[in-house]
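Just dropping this structure here.
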Amino acid sequence: MDAALARAWVSAVAASVAAQTELLTQLDAAIGDSDHGVNLNRGFTAVLAVLDGPETPGEVFAVTGRTLVSKVGGASGPLYGSLFRALGKALGTASTVDAPEVAAGLRAGLDAVRKLGGAAPGDKTMVDAYEPAVVAFEKAAADGLAAAARAAADAAAAGMRATVDLRARKGRASYLGERSIGHQDPGATSTWLVFEALASVTA
Amino acid sequence: MKKFVNEPSAVVKEALAGIAAAHPELRVDLENQIIVRSDAPRRGKVGLVSGGGSGHEPLHGGFVGLGMLDAACPGEIFTSPVPDQILAATQAVDGGAGVVHVVKNYTGDVMNFQMAAELAGDEGVEVHTVLVDDDVAVEDSTWTAGRRGTGATLIVEKVAGALAETGASAAAVAAAGTRVNEASASFAVALTACTTPASGRPGFDLPDDEMEVGVGIHGEPGRRREKLRPAREIAALAVEAVLGAKPLSAGSETIVLLNGLGGTPLIELYLLYGEVAALLDKAGVRIARNLVGNYVTSLDMAGASLTVCTVDAEVLRLWDAPVRTPALRWGA
Amino acid sequence: MKKFVNEPSAVVKEALAGIAAAHPELRVDLENQIIVRSDAPRRGKVGLVSGGGSGHEPLHGGFVGLGMLDAACPGEIFTSPVPDQILAATQAVDGGAGVVHVVKNYTGDVMNFQMAAELAGDEGVEVHTVLVDDDVAVEDSTWTAGRRGTGATLIVEKVAGALAETGASAAAVAAAGTRVNEASASFAVALTACTTPASGRPGFDLPDDEMEVGVGIHGEPGRRREKLRPAREIAALAVEAVLGAKPLSAGSETIVLLNGLGGTPLIELYLLYGEVAALLDKAGVRIARNLVGNYVTSLDMAGASLTVCTVDAEVLRLWDAPVRTPALRWGA
Amino acid sequence: MDAALARAWVSAVAASVAAQTELLTQLDAAIGDSDHGVNLNRGFTAVLAVLDGPETPGEVFAVTGRTLVSKVGGASGPLYGSLFRALGKALGTASTVDAPEVAAGLRAGLDAVRKLGGAAPGDKTMVDAYEPAVVAFEKAAADGLAAAARAAADAAAAGMRATVDLRARKGRASYLGERSIGHQDPGATSTWLVFEALASVTA
């Protein structure tokens, strides 16, 4: 992955989030506060404006993370922001990175998200899509970026769907107690969009 | 969606422009999206900053002024502000004596304020944080993100603000705010869902004869749904929830806030307050001060919250101290 | 019907009980259904009384106190008070210097206040009347009952109340109130109908994409129905109506009230005020003072009214004079 | 008409208003403020409680009028109150009154209503039912109370129906301008109830 591909990924995420803003918002309406789609769309729209500068994949993701932190707000701003910042930092200043390096970066992102938000798998958050996606990516990394990304996207989708039956223990949905069961987590859904975008630009 | 708005995405910025026009006595920074007391920073005075998602007006911008907040940083609707914004507010009010952040306990608010506090620390500003989590509808367990911050925020900001005005230290101001929070319990009921400008339709469907019990201030459904009941029974339900969660010894003095969620007219709030006051009286609780009105709202939601805060003479004195803000004003 | 009420017929009495509980500084007479300043009657001070149907809270009860009304007599919902009630209020505040009635121009209000004034006259109390008719949505012609009294009532009560506080004569207080009324124009738009507790359903059906233009404060439909428009166009419509009806010379100083009708959250009112202020500025109108909030309401109606009142230095001084009431408080 | 019949009439009005509260309220919702039914019902309920004292028809109506003034409020309180007070005053202290005397009393009531409210026939108010009812009552008075009351009720009904096509010039409905056309006036409707009650107790 070079800077161009990194940019393509982030741009694809932005396009996907823009297209799915309404879906994410409606999922958040059911068990949250109806802003997840708008939050991410505002953030990634701002990211698009700063993607031209950075010249390495690491820098692309670092800028993406910083921009998300300063434009999104809410829970998802710091979480996605930290994820991309950690990914960017892990990739360092290399002008191209291979699949295992991306895997390590995604793992660093997971650690950052879990450290900041304190959510474990099963808490019905973005972690439930992100964690299995990272694991699948790691497993398939040896087969190259495209295969790893495809595996990660599929795992994210499965994790996302599994959030439906979970009771939330973190974030706003936890306020609903039992009533959070039966709804798909908006953050897990946006995480799936992130990996689908990666799969599509690397396919 | 029936709202006085232009583009949904511009609501917060445009409302801020309106606040700037309506309140020339405040400094509104449209760039950073912050509202600041015109005399801030004051040398040697602790700066008091709060913020959170918009949609709760007059909280927090309406509480900026003498005796209360030095600055407010409103995020997008129901979305906590970003660290840059909070940092800008923090720096704008830092008079060298440190800054106290009043943060409602929501994952997003906590994280963004935490990041801002770290950034401010890097700039040499000492930040203390008061976390408000008064909503007893939510269990404080590993099953939740902890209790939500709701109505007590107003009382925390008033009391901490009055203390800050006396030249107290940041640690003392934060400790007073924390004490008020610990002495407070809130519970809310919604009769309708609210509509965010971005989504354009009510956050949940609620049949004509039902209500949501134990709601927060972000349009989320409550802990449970029940048949709509007369005001006196709703009052009983809220009083029981509040006293059940934080039992009061007989004769306790309290400040009671009967708060509307934005779409409930004052006549109903007064009616409900009458019921609440009678029930608290029966329970041996003394209401030393009260406030009835729409103060900590959830856009256009029809509903009300009850906050009971046990006070001592010191807190009462700080509550009574002069305050001059758009939404709360007395003695000055 | 989604309201915090018990029996619909008891709403006004029970809300009054709540007001009594919330405001120990006022004297609430539940029997006569009146709200009285605790220090009334004051020897030699003109008594200022207003009232009208309930459902407009905080008007009028929320404006009883130092510097504003001496008493309010709330009728049933949207129903003017009865002569007995008005008489009781008049007698309760008569300090020998006469009493001024502030009456909104509605057939029922006018007749009931007139009857009460006659009864009070029989008892030796000199009553002067200020008729408020600021709503320019209604033509003042033989085709109507005349213009309605709406938002300007607040300004009339504030200014007349401040003058009464100085020991001015009843004639002078009434004349000041009348001058304020004549210098005022109001216009309102509704996004939803309101629901009276007695009827239990919205007064009219309004499609999701339409608004009522030129409404009053009693839930009646407006002068016409239009497609819902962005806030900036609604602001333009209101500003044009107001300036069209009472043209202002460039550089005129004004007090502007951007008032919510009860169900509109503050964030929307501020947004709308921003638009209004910009338009007035463009028209060369100077806003010396403003007030943004839900003050003269129509139960839970989502909507807003704009009131522009041209002022001179004297009126401005009276506006700025100390006021201490439940809903309006400054300088005291 | 003796005091008992006067009481029976007023009681019948009260019963009819109670039964039609919802209708009157809904008519008022269309072109007014949704309170006409509740207003009159509150007033006549209070009247029922004081009907036992008075011993002449004149006194029955005077007490009815005073009670309406002090319990109803709004426009209809003073108007109906004045109507009954004027009627009572016109009947004096006689213990029984005949149809022509009642006719004169009703005419005094009309004068009182018109003087107080300033409405003329055609303004879409209670006057549009009341005025033709009085005229019809006067014309039929020679045929006795029952016939006069029946004629008055029918005339009131016709006047009431005719308000549908009128544009209001008085009262709250006038604020609607052209939009008041097409709706039946609530006050004209309650006036019809008043005369129907009279017809039923004298039949």
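In this document, chain identifiers A, B, C and D correspond to the written order of the chains, with residue numbering beginning at 1 in each.
Here is the rule we use: a contact is a pair of C-beta atoms (placed from the backbone, for glycine too) under 8 Å apart; a residue touches a chain by one contact, two chains touch by 3 or more.
Nothing here was measured: the structure is a model prediction, and the numbers come from that model.
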I'd like to verify one number: the distance from the centre of subunit B to the centre of subunit D, where each centre is the average of its C-alpha atoms, in whole angstrom. 54
Just how far, in Å, is the C-alpha centre of subunit B from the one of subunit A? 32
Taking the mean of the C-alpha atoms as each chain's centre, how many Å separate subunit B from subunit C? 29
Residue numbers in subunit A touching 2 or more other chains? none
Shared-interface residues of subunit B (touching two or more other chains) are none
Touch graph of the chains shown: is it line, ring, star, complete or other? line
Between which chains is there touch? A-B, B-C, C-D
Quick one: which bits of subunit C touch subunit D in the complex? Just the residue numbers, please. 9, 53, 75-84, 106-108, 111-112, 115, 137-139, 142-145, 148, 196, 198-199, 203-204, 216, 218-221, 223-224
Of all residues in subunit B, which touch subunit C in the complex? 1-7, 11-12, 14-22, 54-55, 57-58, 62, 191-192, 208, 211, 228, 230-232, 234, 258, 262-275, 277-278, 287, 290, 292, 294, 297, 299-300, 302, 304, 324, 329-330
Residues of subunit D touching subunit C in the complex: 25-26, 29-35, 37-39, 42, 69-79, 116-117, 167, 169-172, 174-177, 179
